[in-house]
Amino acid sequence: MAGHAAVMEAPTGFIRKYIFSIDHKVIGIQYLLLALFAVFLGMVLSAFMRLRLAWPEEKWPLLQQIFPQGFAGGPMTPEFYLAMMTMHGTIMVFFVLTTAPLSGFGNYFLPIQVGARDMAFPILNMLSFWITFVAMAVMVMALFATGGAPIAGWTSYAPLSALGQVAGPGLGAGQTLWIVSIAIFCVASLLTSLNFLTTTLNLRARGMSLLRMPLTVWAWFTTAMLALLAFPVLLAGGILLLLDRVGGTSFFIPGGLVVSDQLIPHQGGSPLLWQHLFWFFGHPEVYIAILPGMGVTSHILSTFARKPVFAYKAMVGAIFAIGFISYIVWGHHMFMSGMSPFSSMAFSITTLAVGVPSAIKTFNWLATLWGGQIRFTSSMLYALGFVSLFVSGGVTGMLLAQPAVDVALHDTYFVVAHFHIIMGVAAIFGIFAGLHFWFPKMFGRMMDERLGKIHFWITIAGVYAIFMPMHYLGVAGALRRYAQLTEFDFLRPMQPLHQFITVAAFVTIAAQLIFVFNFFYSMFKGKRAGANPWEATTLEWIIPSPPPHDNFGPIEPVVNHGPYEYSVPGAAKDHIMQTAPAEEARR
Amino acid sequence: MQKQEWNRCRARRGLLTCAAASLLAFGAGCGGERTEQAQEQPGAEGGAVWKPTGQEGSVTGKINFQGQPPKYRAILMDADSVCAAQHSGPVYPDSVVVNNNGTLRNVFVYVKSGLEGKSFEVPSDSVELDQEGCIYKPHVLGIQARQQLKVVTSDNTTHNIHPIPKVNREWNVSQPPGADPIMQTFSRPETSIPVKCNQHPWMRAYIHVMGHPFYAVSGDDGSFKIEGLPAGEYELEAVHEEYGATTQKVTVAANQPSAADFGFNAKQAYGPSSLKMMPALALSCCAHGSD
Amino acid sequence: MPLALAFFFWAMALITVALFIARVWWLPELASAHGGAIDDQLVLTLVLAGIVFFLAQAALGYFIWRFRARGSERASYWHENPKMEVTWTVATAILFIGLGIQGNRVWAKYILTQAPPDAVTVEVTGQQFAWNMRYAGADGKFGRTDPKLINDANANFLGLDEADPAAHDDVLTQNLMAIPVNRPIGVILRAKDVTHSFYVPQLRVKQDAVPGMGIRVTFTATKTGEFEIACAELCGMQHYKMRGRLLVMSDADYEKWLKDRAAAQ
């Protein structure tokens, strides 16, 4: 333990303390700030997309000044739109939805919630962050690459992504940088997940049995398992794709392709192989984004309803079931791909099966509220918003899971609505809920409740106004990844709805400035927070806000209670800390 | 980034992109501004810029053709009604056009060797490539390295202009109706760069990038004329997209016209395809080098 | 705050469901034989999903309002009910798996149907950014093709080998496809460069065209008229403009059209 003691020495220099820190709390905040940058970048990109979708032929002289090529001649060019789309998806999925809920909050709170003084491998942890940072830098370079940013979408289907500049603008240097960035990101996520798993299994405080762990820890733990097995597959796929591009191999490029009149000298590859590899990663990735949000929501609903989580064990089982089933459903992205129709049948059943644990979670959340004494903090509002969004985004999965129905809905805005609501917006609501909940712990100050509530209201109304209409568009056949939807007679009548969505998106995007202001203002000027402002029970609330470098100082936490002992009959207070003496247990 | 370079970058790629490009300077290997910088100095190839003395000669000639030209299916332009509406009769490919006098049109003739050590001024005027009725006009054009290519559209439909060079930078830009002309340059000499519109796949032009101004394209009488050549011995090459290249030596005397005729034979009923293999190991990031 | 939030969830659920029921935006008018079963399955699932959605949002809103904190009252310490848990687990499992089996039956009927021998066969090849249609012509045989012979500028988009006698009468069109009404159509889907997807909304047909594969789709159009063929898989910068026209006509018109096209080229 000598090494451990050395690690616990608080660093004094600025660089060791804030830049190359091995403190899991600093690293957690670094991840969150990276995600904050990424989410704003991604949101600005989506604003460009919405601009073109609503008014595809309008000229924008001011934007033309800034992007002479992207707005050549006045209107936004389709390749600029596709570049925005690709980068929006990629940045949001990888650098926001993977980074913030798992690496950000997980890093900060997983060790504290299990009673550890740091992650199991602090230096590896620091490396994970800086590797992620490099991945982000390379991705930003892709945005400004010679020949344009990549346009193949966040899924980068081969052979479009494998052929180089000849297949379209942005598919040269931009696409190469994209793959390199993703490969680097995979390495970082792999290291992070190793750290999470080891910490959870080995560094729990005395008395912190597995079934006394908060559901947040269970969620991060399961997510880390998904990441551990999913990212290496994408890494391998990415390397193969890179080799196809620069090494002359043919993993994904079949023989006899003629692109822009150029005969491609490859043969023997399979475009479907890339889709299988990508989605074998891609579907667990969806759950990597949403599972931490589920954990946070369970945690916060219980705290502010002042009730134990309903059916804790079923919740743990459901998290595990979702995690497991998520590995055998990837084919539902490929119903129309030319894959065997019998595979489609099997994937259809497994996909619908994943709805069962998801439904269990929803029932349990509602049951957690039943009989509660709900306190409407802004954190709770986001958690309630999460439940609503999870239902709205989840039920549409019933349609998309069926290949027959997918004939009508595949690659339409119905899909866009489905995954944005469930893995985009719901996950973001999970992040907002967690941020408002843990902000006092992280920075020792409270966030402004009034601003938080204003932000919540505009955001929830905004996201529903943006994404609900997309279901109608999708049923009517509107195709995604179209730079404009006015070239087809059957699409043109839907243009007013696109304009409505764009206006809603602009308002919602503008409202995010309220959050940014609240975040930074509260960091320096917010009301001082005590150790346990929410009267919550888990271990992070027994230590000062913000916690000292070694988390628990002289205390050696010993856990005597489950994580959600609220309103225990006969107890002195309405909540029992996990470390409270055993006598306070219910009689 | 120097001021001059900055301004050029800004005009072409936009404020934000340039700011980011200069910030991310270590990405310059792919950004490629540097390689072009060297190319843009006049006379960089060595030697002073050549100035005409008024004593130059010229070369004239015609391109004879023997045999049956290939039979192509008509381009029906079903793909885009805007294109189809601009043609009353069937449209045939421009690949092999034999003039009434039995000569071959669209043959590019240029001085292949004999000018070594000289470098030439880049003309300040631009060369125009028009898109009319979903056909490129002209079908074959010559341009000097670093001379401006001006792509205009007369069509009421969106085109994209996609040259596929081997040594120059590949680009692919869309041009909606009424859009401003696209201005581009090629930084290195390269013959037979195919230009393609992916929206109207039948559209094709060829661009020949030269390091000097001594080239011509055979017209509807099959003749060509290269003027202003200093006295000396040269090798001329005539290039045709279907029938390949043929060369001959020619001696040019001061103030004298010289003659050089070329001949092409139709070897097969339908000519060899002009499909070219992609270089298998083209590093798309760095092999194309210049921006 | 609780009441406002409850109202928000109720209103949101109500408007969403109402706009679906009113069919303000709805599926394009059906024009194929197999599409009815797909539509029925879609509507059935949509109704079930709509009910689940509406009840869950309504319950969420109601609980929010009903269980808002009142003074210093304590919440109830109620956190398990095995009978209830088993009930809703089994109920959702039956609902979802049942739906899956029913959906698979519809799927199997559509996708496993093969074109009968007398079906009209059209080969459709996607490229950036156009659809190339090929009819076998009078001899009923497709001519030999070779990627090496492809030359778009010479209007040989498919690399048809004119030396093959079967090739001469092949009828080629671009972005234009004619088919007879009420006759089974077998489409062979190919792609020259990248993955495309053949989508005709009114026919309820959508299938990726994958390079290196020849994927067969079978359908029967039941209405005459002009429809649009869209590309439904991102294929490059002008993916959004990859539009073909599909003309569904009477048998006689179709035969005449095919003859006229053969003469024109």
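Think of it as A, B and C in the order they're written, each chain with its own count starting at 1.
Here, contacts are C-beta pairs under 8 Å (C-beta built on N, C-alpha and C of every residue); 3 or more make two chains touch, one makes a residue touch a chain.
Small disclaimer: the values here were computed from a predicted structure and weren't measured.
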Problem set entry | Chain pair bearing the highest count of C-beta contacts | A-C
Exercise. Which one of the chains is closest to the middle, using the mean of its C-alpha atoms?
Worked result: A
Exercise. What whole-number Å value describes the gap between the mean CA coordinates of chain B and chain C?
Worked result: 43
Exercise. If you average the Cα atoms of chain A and of chain C to get two centres, how far apart are those centres in Å?
Worked result: 29
For this session: Could you give the separation in Å between the centres of chain A and chain B, each centre being the mean of its C-alpha atoms?
Result: 49
Exercise. On chain B, where are the residues touching two or more other chains?
Worked result: 172, 174, 196, 198, 204, 274-275
Seminar exercise, completed: Among chain C residues, those touching two or more other chains are 127-128, 148, 150-153, 236-238, 241
Seminar exercise, completed: Shared-interface residues of chain A (touching two or more other chains) are 78-79, 168-169, 258, 260-261, 263
For this session: Spell out the residues on chain B that touch chain C in their complex, using ranges where they run on.
Result: 70, 72-80, 90, 93-95, 158, 160, 172, 174, 196, 198-204, 269-270, 273-275
Exercise. How about chain A: which of its residues touch chain C in the complex?
Worked result: 78-79, 82, 151-153, 157, 159-160, 163, 167-169, 253-261, 263, 269-272, 305-312, 314, 336-338, 341, 344-345, 348-349, 351-353, 355-356, 359-360, 362-363, 366-376, 381, 384, 387-388, 391-392, 395-396, 398-399, 401-405, 407-412, 453, 460-461, 464, 468, 471-473, 475-477, 479, 481-485, 487-490, 494, 497, 564, 566-569, 574, 586
For this session: Can you check the complex and tell me which residues of chain B touch chain A?
Result: 11-17, 20-21, 24, 27, 30-32, 162, 164, 169-176, 178-180, 182, 194, 196, 198, 204, 274-278, 280-285, 288, 291
Problem set entry | Contacting residues of chain C [partner chain A, same complex] | 1-2, 5, 8-9, 12, 15-16, 19-20, 24-28, 37-39, 41-42, 45-46, 48-50, 52-53, 56-57, 59-60, 63-64, 67-70, 73-81, 84-85, 88-89, 92-93, 96-97, 99-101, 103-104, 106-108, 110-112, 127-128, 147-148, 150-153, 159, 192-195, 197, 199, 201-202, 204-208, 210-213, 215, 228, 230, 232-241, 243
Seminar exercise, completed: Residue set of chain C touching chain B in the complex reads 127-130, 148-157, 162, 172-176, 236-238, 241, 245, 264-265
